[in-house]
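One chain, chain A, links the two complexes that follow: it is found with chain B in the first and with chain C in the second.
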Partner chain A sequence: MMARKSPWPLIAMALWLAALALTPVVLGNYEVRIAISIAMFTALALSWNIIGGFTGYPSFSTAAFYGIGCYVGALAQRSGVPAALAWLAAAAFVGGVSFLIGAIVLRLKGHYFAIGSIALVDISRLVVSSWGEVTGGGNGLNVPLLQGRPPEVSALVLYVMLGIMAAAFLANVLVDRSRLGFGLRCIEQNEDAADMVGIDTTRYKIAAYVLSAVFPGAVGAVYASWVGYIDPTDSFDILTTVKVPVMAMLGGAGTLLGPVVGAVSFVLLEEIFWANFLEWNRAIMGAIVVALIFFLPGGILKLDWRAILRRPSRRKAAERKPG
Partner chain B sequence: MGFAQILANGVVLGTLYACIAIGFSLVWGVLNVINMLHGSFIVLGGYLTYFAWAYTGISPVLILPVVAVLLFGLGYALQYLFINKVVSAPVLTTLTLTFGLDMILYNLMTVFFTATPRRVSMDFGRLEFWGVAMPVDRLIGMGLALLLTALLFVVLRTSRIGRAIVAVRMDREAAALMGIKVNHIYAVTFGIAALMAGAAGSVFAMVFPVTTNLSGVFLGKAFVICVIGGLGGVSGALAGGLALGIIESFAGVLVGPQNAITIGFVLMLVLLIVRPQGLVGVKGYE
Partner chain C sequence: MSPILELQNVSRAFGGIKAVNDVSFKLEEGEIVALIGPNGAGKTTLVNAITGVHTPTAGKVFFEGGDVTRQKPFQAARRGLARTFQIVQPFPKMTVLENVAASALFGGHPESLAEAHDHAARELDFVGLGHVAQSPAASLTLPNRKRLELAKSLAMSPKVLLLDEVNAGLNATEIDGALDLIRRIAARGVSILIIEHLMKVVLSLSSRVLVLHHGELIAEGPPQEMVHDRKVIEAYLGPKFAERFQKEMALG
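Entry: the complex of A and B
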């Protein structure tokens, strides 16, 4: 059934993880902060890839999972649970929530699924902001800070985020090489046909949805511990929920390394534009999204680099011919 | 507050909602595109009306048509230049594209208009009838919203371009074979949607303060109304808008305004599952 898969994505990812892990040793605080951002968004984009890339479902619920993770982690820590346990609890809780929600919203397709998944972000935000006694409502919540000097804390956060990123990548690799991944790709091609040949589409889709939720849940909880304060508008941000699929598409959705390449490119671009054009930041990111749709429909990895590199010489050859 | 008062508030709100959602529904139904720009179009209409009113003092009712024409031009251009190129791509692509365009428009608005809430304040006093008190500006807003809705209904029903839009919605290929320029019709449809959004923003600015942060709220309302009412034309948006307005009005009194919004979204999710064609929508537009 399965062709032998190339080992190169795994090797590339191992090298990239090692490089990011070295930042606290060789570079300063600012670079470590960027490395954390990269690890965070890579984990989010890789998670989205399972439902959005492999399965082809236009899911925009990443921010709901991430935000619920923020709050579950924060609330667990506030009631005295150790940080590491709170992060795991957040991932498990979000996994459970996504299982229940998935059983409902995955019956929808296309535009209706897209709308439903965006509505999940809105509903979660509204519930969290109106449930003031527990969540602090619009005032937000303070989260116990991690123990240690600031550089140690950020190094710790970076390693945890890298761990989640590696786990999300492994999940992608395993899905890609398993029966599950094969089934998901069938669903992406033609769901009715997949159903007809005996793939339990409902179970497969729910599995993909849960896998796309647990890592954002963990990322949210770790983020909450890192920054020490969360609020509903920041945790359930509609911008995050669209940014993550954009990253995956920028690199190449449905591939293993696409979300990784996309996330790092996007985070670095955003960093440059934040630093230099604060007022126009949003417009510039919007322009990049528009450019992505028109000029990179398959993502960076699907570009035919050889053709691009060969073009100048071919042009020369073409010029020579008529003469 | 009496029952009649709550109902009246809901109906007034509902007509405004219908006006907000109608363009969104049209684009979704005809182009099969989820237009993330819709909320910002409404805000833009509101701001343009406010500033035109603040600087010239002309009645906002006269400014409204000008704003509507401007928004039509913007919508037509955006569709013709950008969205038409990918209009038949999967929803992920078209939604992301309109979201990218929305980021640009949103940024432009915050830079040029700032995010200060603006409202065209005209004090007309209030009317009392059958034990219901209603500010006159809201009644004017409701009248304008109904007028716009009726106008669109007539245009879609009787005009040549309206029939062409309906034809493209029913069967794009057949419409193209009948000599309809589909790309032009798409752009006109998107233009009309932007026009309705801008006009709705004008009306809104006469009744409530408008700010850029509301664009997401308006967009969310459009989602909910379209799903509740169903895609399929003016009647769906009107039914969905009225339903949402009345539900929010009653829920606001019973469980508080914050939870009323949540109820709207939850209702939408439930309807998505059990009746995706909406209250009055026609099956087959899914």
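Entry: the complex of A and C
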């Protein structure tokens, strides 16, 4: 881990970013929408990776960060703040919230932390639904639309989402290579021992939690500007909070490219099942998730790809011999 | 010269149970002191109370003259008050070298990551684990895991080392090796408080023995005297056997 880091994840990510950025030029509206979805969920999964992957704290707060981001961005824009500034404000605000909440819930460990983090989603949703005069309550909020023709707007949203995704990836790379990341990995493997070798575990965990919050905050705000209307059920969707860790684990939690691979695979699979099995897609998706957790606990990237690719050729060679 | 570690009337209760009750002692610089007592006497709880794992419910802990009663474990480590665990606590997925480098980086005061690694490599050679530096920590044998615990605490350049049963589970040859290692650590000027059941270790290493029973210090003195102390024998064997034992000893 402390040996010199391979440059390949960085190169792969740069190529992937370029490919996604090309979709508005070479492909149609539908593909651009999918690209936006991929960029969004990759950013969310990469953010989760810092607390859930490196630190080993199974956080279910993603939807809370995302939803609060939606509302802060929308409210800022409605009071006349320019869109870009509203997005930054949302990220900063969510960072502050996660700092305060983290100082409380990070005292819990394992399942208890997971439950505490999921409660944050419900509490935020309840506050937003009941605080009608500010948030519009259950009626939702209209958000000023971005200026431009529809294809221009989706291209802009895509580029902004890609920017957030790149920033989240960069945060992962920096954490992975820094003292902070080393400390987080120690906490993941043995928190008591980490404490005993001089790591201020509380501070490190809060740092990881805040880093896992700011990007979802920004994603939520940008999403709100894109769709033009938000409501509590959609913004604080419990499914988001479950989907994102599943994506990261599907690819390989605690690795740099795992969340990226996981998010793409998940979004594409979901798209295929939505299109072909309108009524059964959730059930199929659930079955796939269960199967993956049973048979691929380390994620797609942890598979021994070389051995898998070698096996068919060896079998062929074995078949040839007796004949 | 003030003691490097001093406990004043330290108690630690869990609900109604006083695991450690009103314990006071001093550890002078460069000393090796043994802490013995039957199972459940509160030895590990006492170490936990000193290093901040469990904050004492009463009393004070002084380290280098400063009050450290309310410190957190990571603060103890950074101050130079290191410990090993009775049940070894490695970072299983890291290599042996990374395990020790973590201690050097966070608990010591290195200039850089590279320096932390150099320091870690030196400590591994010191405890005799240089040849397995690149192996995963989970693959080590028990004696080597105990040595890894020692290397981890040494990498923090401690002034005081609390050794919690570092020899438990080792065979006779391995214990001789461990004894030699502890002597070499002491020769570096580290003051040591060693929790131990093996009388061979206690007798050959320590200049002073503290005896803990039901959370209280019942005796304190040179090791040879403690072995024959009536209260100590009673604590271990019960009053009846202690009487018989002493009669037999008197008869020769």
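The rule is short, and it goes like this: the second predicted complex is superposed on the first by the 310 of 323 C-alpha atoms of A that agree within 3 Å, B and C clash if a C-alpha of one lies under 4 Å from a C-alpha of the other, contacts with A are read in each partner's own complex, and residues count from 1 in each chain.
Just so we're on the same page, contacts are C-beta pairs under 8 Å (C-beta built on N, C-alpha and C of every residue); 3 or more make two chains touch, one makes a residue touch a chain.
As the structure is a prediction and not an experimental result, all values here were calculated from the model.
Asks: So, A:P259: does it touch chain B (first), chain C (second), both, or neither?
Replies: neither
Asks: Look at A:V246 in the shared chain and tell me whether it touches chain B only, chain C only, both, or neither; answer first, second, both or neither.
Replies: It touches chain B, and chain C stays clear.
Asks: Just chain B (first), just chain C (second), both, or neither: which does A:N190 touch?
Replies: second
Asks: May I ask you to name which of chain B and chain C touches more residues of chain A?
Replies: B
Asks: Figure out whether A:V127 sits in contact with chain B (first) or chain C (second), or with both, or with neither.
Replies: first
Asks: Taking the superposition as given, does A:G181 touch the first partner, chain B, the second, chain C, both, or neither?
Replies: Neither partner.
Asks: Check whether A:G140 is in contact with chain B, with chain C, with both or with neither, and answer first, second, both or neither.
Replies: neither
Asks: Along chain A, where are the residues that touch chain B in the complex?
Replies: 52, 56, 58, 60, 104-105, 107-112, 114-116, 118-120, 122-123, 126-127, 129-130, 238, 242, 245-246, 249, 279-283, 285-290, 292-294, 297
Asks: Please name which positions on chain C make contact with chain A in the complex.
Replies: 51, 72-74, 77-78, 83, 85, 89-95, 98, 101-103, 105-108, 113, 117, 152, 156
Asks: Looking at the complex, which residues from chain B come into contact with chain A?
Replies: These residues of chain B touch chain A: 28, 32, 34, 82, 85-86, 90-93, 95-97, 99-104, 106-108, 110-111, 216, 220, 223-224, 227, 256, 258-259, 261-262, 265-266, 268-269, 272-273, 276, 286.
Asks: In the complex, go through chain A and note every residue touching chain C.
Replies: Chain A residues touching chain C: 1-2, 179, 182-183, 185-186, 189-190, 192-201.
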